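Letters are used for the chains, namely A, B and C, taken in the order the chains are written, and counting of residues starts over at 1 for each.
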């Protein structure tokens, strides 16, 4: 099957399913005998992407596959379709989500240690209800607190293909540079605090 | 606003709303000041219809307005999107099948006598639809109840060459000890055929 | 920083972060008993409290407000500002999260340690009492920034939306469940256990090949006609095939599932379904 034959099928499948489909899922639409190769499907997707130029929707890749979505510029023009959708989240929720995304797996206590304040149960519940995070295990310490990680739905919602695509986390500056205050000499001051390696730069 | 400006907005609205929209509803997306006329909107719809030529979806008018839908020709090609995998069969069904396999030919009444509960018509129908059992005759008693037996498809599915390859009652007692020799594949089904030759030696 | 400055600072913080809430709204009598030159309406203070995500956030604000480097915090000054702020809140009996008080204590401790004479030789790498606080501030700040970045990512509902089209005459294809053989065997064992048939059947081996042949024979007889015994097995099956077919025939006869007709001794044996005369088409 050539790309021109595949295009209407792949387009219809993506639009009809209403959610992202992976190349593997698209392949499963076909009988073994006529199943296109992954390359053919990928080329078809590319062709469909180009066809979106100047239109109200675009074809993008997210964690769970390819999907059509409304172009951001156009979305603002049709936002009256949904008056009730929640589009804003509190800073507390976003900070908690950011910590889970960059530091997963992480416990609630560890989140609180960084933020310096308690994390409300409601925040964790909201994040779980949105299916952005899930408990992925328990830390083997007293109380066995849950370890949280983000989900594929989180990536899909924020239009990411993988955690690698998260904005880069700011670097910690070396505490060697700590300026002396009063008569306090700087030599050897507070070196170790900076020595703790930061594992989060490379998220896999 | 000209048609070229309106097209992406109307297209996105129709695709994102998830339902048909009338010209009036489309008009309500806009502020009073820039609301297009019904004629402009109708012309935009016409232009979008033409854009669908050769694609997998089409823009049609239905009672409540306009909507995009999958083209009939393409529909058959993507029908596998709506595949529902039934989770598992009830215990009643499995017991009924087992009794038919081991005690064939057997009537429904006889199955019920062993199981101690009624066997729903639906169970028999499901097994017949799956072509695992069939009525092979009638017992010559009042009501002439059907006698059920297993089919070749049943043997094929479970990877058996004949019923003799089913474990004996004595072997059944110790299924767990039997398992390594039988090497039942985890998800059973068609794969079992490969394991069958080995199993025969143990069982016959 | 004077108290006026502090007040202006806080007011600015409140209005900057919560612009939609009027800062200067005063209900009823002014609070004249408040510290001199430090009048902030209680409403506004609550707003300020809401505006910060905790003591680290407030400290960061105080530092950034003065364009200071985190690595160069004038602890004495920042502590003075922070504690002044906390005291003000307490005087107004605003509900203050305990974390704010903990931070005040930490700041006071750092300040006092900095004022103490330093031991002649310090091998302690954490000698600067500010180090831990600076580390926490940096760590918090990077995740505060990460949260802001995350918030700017184009996301569903706010910046884009999923799309879908109608599918007329959608047909759902139902795929039946897969059944492992083991599941079938377990089911049989359970039904036997329950029926307490186990014991009585253990004694003789189930002749399943006979059972299968019974099914096959009944199937063949389904047409209502007579079938010669010789047609019930294939020559290739040998003597065993004949025996199995014969046993199956006898079992069926015993269960009155077949009629057997033999017109003369040693003549051909014919089978047919019982009552075939009445029911055959």
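Assume a residue touches a chain if its C-beta (ideal position, glycine included) is under 8 Å from a C-beta of that chain, and two chains touch if they have at least 3 such contacts.
Here the structure is a predicted model, which means the values were calculated and not measured.
Visitor: From subunit A, count the fewest steps through touching chains until subunit B is reached.
Guide: Between subunit A and subunit B, the shortest chain-hopping route counts 1.
Visitor: Among the chains, which is located farthest from subunit A on the basis of C-alpha centroids?
Guide: So the chain farthest away from subunit A turns out to be B.
Visitor: In whole angstrom, what separates the CA-based centres of subunit A and subunit B?
Guide: Chain centres of subunit A and subunit B, defined by C-alpha means, are spaced 33 Å apart.
Visitor: Need the CA-centroid distance for the pair subunit A / subunit C, whole Å please.
Guide: 16
Visitor: Distance from the CA centroid of subunit B to that of subunit C, rounded to the nearest Å?
Guide: So the centroids are 26 Å from each other.
Visitor: Specify, in ascending order, the residues of subunit C that touch 2 or more different other chains.
Guide: In subunit C, 161-165, 167 touch at least two other chains.
Visitor: Note the residues in subunit B that touch 2 or more other chains, in rising order.
Guide: Touching at least two other chains: 12, 15-16, 18, 57, 68, 70, 75, 80.
Visitor: Quick check on the complex: what are the subunit A residues that touch subunit B?
Guide: Residues 7-13, 15-18, 28-29, 54-57, 68, 70-71, 74-75, 77-78, 80-81 of subunit A touch subunit B in their complex.
Visitor: Sort out for me which residues of subunit A touch subunit C in the complex.
Guide: 12, 15-19, 57, 67-72, 75, 78, 81-82, 85-89, 91-92, 94-95, 97-99, 101-102, 114-118, 156-160, 166-167, 169-173, 175, 177-179, 181-186, 188-194
Visitor: Which part of subunit C faces subunit B closely enough to touch in the complex?
Guide: 161-192, 194-195, 197-198, 201-202, 205-206, 208-209, 211-212, 214-216, 218-219, 221-222, 255-257, 273-275, 279
Visitor: Provide the residue numbers of subunit C that touch subunit A in the complex, in ascending order.
Guide: 53-57, 69-76, 97, 99, 103, 114-115, 118, 122-123, 125-128, 130-132, 134-136, 138-151, 153-165, 167
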